[in-house]
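Take a look at these structures.
In what follows, chain A forms one complex with chain B and a second complex with chain C.
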Partner chain A sequence: MRIRLPRSARVRVGLGVFLFFCLVGVIGPWIVTHVMHTTAEHSDFNAVAAGPSWHHLLGTTTSGQDCLAQLLEGARGSVFVGLLSGFIAMALAALVGVTAGFTGGITDRLLNAFANVVMTLPSFILLIIVAGYINSPSILLSSAIIGLVEWPGGARYLRAQAMSMRGRDFTTALIAIGESRWRILVVEVMPHLTGIISAMFLRAVVAGVFAQAGLAFLGIGGSTVSWGFVIGAAQQHGAIGLGLWWWYVPPGLCIALLGTATALVNFGVDEVSNPALRNASSGVRKAMKRAERELAARRSQETEGATA
Partner chain B sequence: MTVADQNPPSVRTGSPVLEARGVSCAFGQRTAVDDVSLALYPGTITALVGESGSGKTTLARLFALFYRPSAGEILLDGKPVSARGRKVDYYGQVQMIFQDPFSSLNSLKRIRHVLSRALAVHGKASGRRETDAKVVEFLERVSLTPGSQYLDKYPDELSGGQRQRISIARSLSVEPRVLLADEPTSMLDASIRVGILNLLRKQRDEEGLAVLYITHDIASARYLADEICVMKDGRIVERAPTEQLITDPQHPYTQQLLAAAPDPSRTAWASNPEGEVR
Partner chain C sequence: MTDPMPMMAAEEATVADRAKTPRRVGKRADRRSGRAAVFLLKQLGVYVVTGFLALVLNFVIPRFMPGDPALQLADRLRQQTGQSPSPDVMAKIDALYGDPHKNLVAQFVDYVDHVVHFDFGLSISQYPTPVKDLVWQALPWTVALVGTTTVIAWLIGTALGAWTGWRPGRAVDSGLTSLSTFLHAVPAFWFALLMLSLFSFRLGWFPSSGGYDPSVPYSLGNLWFVLSILKYSFLPAMALIVLGFSTWQFTMRNVMVTTIAEDYVQFARAKGLSERRVMFGYAARNAMLPNITGLAHALGGVIGGVVLVETVFTYPGMGYLLTQGVAAKDFPLMQAIFFMLVFAVLVSNFVADAVYVLLDPRTGQEQS
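Showing the complex of A and B:
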């Protein structure tokens, strides 16, 4: 299989931001303990509800906890739940959607009906009910719950893609050499879908981060520090009324940035999967190149004329 | 009794490899193939000629077991073929070449993979070295020389003619006895068509393959085929050895087709090459 680097600058920026947050999620807590020599829970009673300073780069909370430490610790909670729930959601989506689309017939109708039913369930309300019932779910459990309600949209999209693959000559040709269906599906068709699946995975990750933030904000996301948890705590302690913007704005911005990053990546994926957009952009690119060449040719002619 | 049941003289040798007997196939209200009987003989190229929508591709796909006939049956070596279950053994005998070489190869797989899978499915080679050697052998059989140069290429690095040769090589690597070629040259430039046709002819001569050559171009059928079947509205309206059909067409539709084909030997066309065929 060939791996092509994305050409689009938007995709690169989006992927860069996304990978940056994943990195922070991995090394953030390490920085908190080994560089900042503190914890997310440690209270500095000399600086309570203090604004940003050299001692506390992002200020402190009403109980003197360092906001930067909380942000870095929270990155792990948020990004981990996002990644795991995204993985669960995409695995289910790929399994159900691609199987349905490629198999067709009664299997397709049953799986599609199931996906439609799950899709019409109000997922966030379902999340609240389940998370509230479980009462302070662990980080793994919240990921699983989020993943389990998030897959149907992706499944329907992949089903459509797989259906178009089934109609292509190359899959028919493979059937005609006697290749088994599952092998055609896994070895021959899946590589065509990896681009779309990975883009959808990013979207699912962000949806997971959002859902976790929502649950944590409502106080039913468990006791793990996450961005939503921080915002929820800030809200409970009246940070908005007290004007402690350094408490709730940074985690909010992080969530928003992560969302923007996936939006950027998805623009790029649209360009690949939507031929109209691709042609337009490549047409524009070609026209630009031609114009540049002509301009350069005219310039060189002019300089030649000037020197002669 | 349809026309196809009459046995035209000459060309036939031995008993048919693959045979459709009274086969029909309908899609909704439309009957694409209507009670057709057609037999393919070893070492014989049978051309199936007709306009778009005449049912010739449907007939090929019935032979390839992609559709199940609503009536009649397909027989391999005189035994009815079941359209159910996995058909590896059947595809080891009957292979199909598709019209469009730009879509019949997986663009994400190297040529080595394309051919070695066909070999592996039918147990024709095992181990990387043996497989590679076989792949090269079949590439060279379709005049892609040196074959080793093509192993690591992707389909989109090749021209249409080369791709069609690859897909023919894939079919041949199974060592089939029947080749169903569904308009194998219609997507290719005129300059490389003859090469593909000669390749099919070579397989008939050297391997004794039975070939079903489907085309809308009666001139190429004349060039290649031993016998020609003319299909119209899902039925075979005329079947005869090539020269007989060309020189003495019986059915009005055949006459019409011949009149519409450019033929340099016909004075009407030669004296007025720009004009309409009279």
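Showing the complex of A and C:
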């Protein structure tokens, strides 16, 4: 399979930023130990609550921990939960949504009703309640519970897509020649949906990062260092009142950037699936204007030619 | 904050289709109202099932969690009060969190009986206040704060969305849409912390926590008390408005963009109607449908969406109460708030459906 670069600049930038954060999540802790020669927990008592300097690029916490080390270490916690919960959510969404949409009938009704019911529950509150009962959930457990509440939106969307697939000529033809439903579903229909599923996966990843950040900020996201955990710790130790902005601003900014990057990718995807929006994007408008100008120029040349 | 990247594309696709044609006065009103009734009944069914599921979840979660919550609760009560809980209190705890002497069905019946009477027992973190009282105290604060800010954010967002979607691609459009994309991705609690540090600690313009001035007599008849509420709720309100308008702007803009390409809008223009009339009377009026039902939905999620913001500002509402309860493992409080929230969401969803039926006569026509 050939990998094509997406044409839209926004999608490229968005994907680039997203992959960058994933990369930081993977190699961040390695940088902390091998390049910075420290750990997220190590306290430097010569620099307590110190601002950014050459020695500590992003300053230190009230107990002298390096904020950059915490940011890098936290990237792994946040991105890992995001990716795993996003994967769980999308797997469930694809399983339920595509099966429902493609099978139809009573299966479809039951699955759709189930998705509707789960979607109606306020997901973040449910997360808070469940995480509140569990004493300090592990990173795997928090990913699982986040994934388990985030799937219904995706399932409903994929169901609609799969329903439209069911009516296409190629599926009718395959059914007619006696292909098994499961084979059609997995081999023929799924590949058509990979684009949508991967875009939705990005969304689910960011939803997971957000949910984890909220839980960690409240102190019920477990003891793994993550961006939300760092912000929560900063608030608890009075960083806001003390004005230690270097402690809590960078992690939040990372979350916001990751969210913006995903939104950019999704704009691109929406524009592909909804042509009306595509016309609205400034690139197309500029191209239209250029074309109009060229046409006008050609026409005026023609009229000049005619009068000459 | 609940759903940072809502599945917008999915919602919009169907919603935009619905918004395509303007309302028409149909001939067969009877059949239509019949369809609307069927649609509403179906939705009602979904909500009843959801409410039941919430009930079951609340029943099941404490019973299947590692570490018996009933025992934990009794232990904590012992620590709080310095004496063993009375048999009466223990019976109530068992009913709500699992009675080892009864089977599950009998337990469930017991449990439902307590819940329908909104009897969640006494709070642990603020023993011995009944949970019911704590919730009733907190509720008005949240409803007032979030009700107001949601409506303001909605008005701003919808107006901006109509404006940017009317002539998409302009500098204003790209600028505003980029801004709201970024704001949409900002974690609310982090933004609240930034506002707190800037306006409260650095500039000292606003108080950093609480919902009212404790030195003023606590009475709504007292002008100073009311003014202090405004002053104390200013920062949380601003945080919610600044972060809240982006979703509305975004949806409105996108639906507006698809609407202005419709034939009936083009026709209204061709007829020579004034820009303003086409924009408000034809395009925006129809493009607003998803936002109107969205508002009804949002008002139910009111309490859920502000948990973190209320916590940052220690605002005395339901969200702060919930996080306090979670931090103190105050299970009765957590259960009660979860129920209130689910109930609010279900009611508002039903209202949203009913509003949609009123506004768009075609609802329920396409079999989904």
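Methods note: the second predicted complex is superposed on the first by the 270 of 308 C-alpha atoms of A that agree within 3 Å, B and C clash if a C-alpha of one lies under 4 Å from a C-alpha of the other, contacts with A are read in each partner's own complex, and residues count from 1 in each chain.
The working rule: a residue touches a chain if its C-beta (ideal position, glycine included) is under 8 Å from a C-beta of that chain, and two chains touch if they have at least 3 such contacts.
Predicted model only: the values in this text are computed from it and were never measured.
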item: Side-by-side fit of chain B and chain C on chain A, or clash; value: fit
item: Which superposed partner A:241 touches (first chain B, second chain C, both, neither); value: second
item: Contacts of A:173 with chain B and chain C, given as first, second, both or neither; value: first
item: Partner chain in contact with A:122 - chain B first, chain C second, else both or neither; value: second
item: Where the C-alpha centre of chain A sits as vertex, the angle toward chain B and chain C in the overlay (nearest 10 degrees); value: 100
item: Partner chain in contact with A:50 - chain B first, chain C second, else both or neither; value: neither
item: First (chain B), second (chain C), both or neither touched by A:68; value: neither
item: Which superposed partner A:84 touches (first chain B, second chain C, both, neither); value: neither
item: Closest approach of chain C to chain B (Cα atoms, Å); value: 14
item: Chain A residues touching chain B - in the complex, by the definition given at the top; value: 1-2, 168-170, 172-180, 188, 191-192
item: Chain A-touching residues of chain C, taken from the complex the two chains share; value: 1-10, 12-14, 16, 46-47, 49-50, 53-54, 57-58, 61-62, 65-67, 69, 168-169, 173-174, 181-182, 184-187, 189-191, 193-194, 196-197, 201-202, 208, 254, 257-258, 261, 301, 304-305, 307-308, 311-312, 322-323, 325-327, 329, 331, 334-335, 337-338, 341-342, 345-346, 349
item: Touching residues on chain B, where the partner in the complex is chain A; value: 64, 66, 86-88, 90-92, 95-96, 98-100, 103-109, 117-118, 121-122, 154, 167, 170-171, 174
item: Contacting residues of chain A [partner chain C, same complex]; value: 113, 116-118, 120-126, 128-135, 153-154, 156-157, 160, 200, 203, 206-207, 210, 213-214, 217-220, 228, 231, 235, 240-241, 243, 245, 248-249, 251-252, 255-260, 262-264, 266-267, 269-270, 273-274, 276-277, 279-282, 284-285
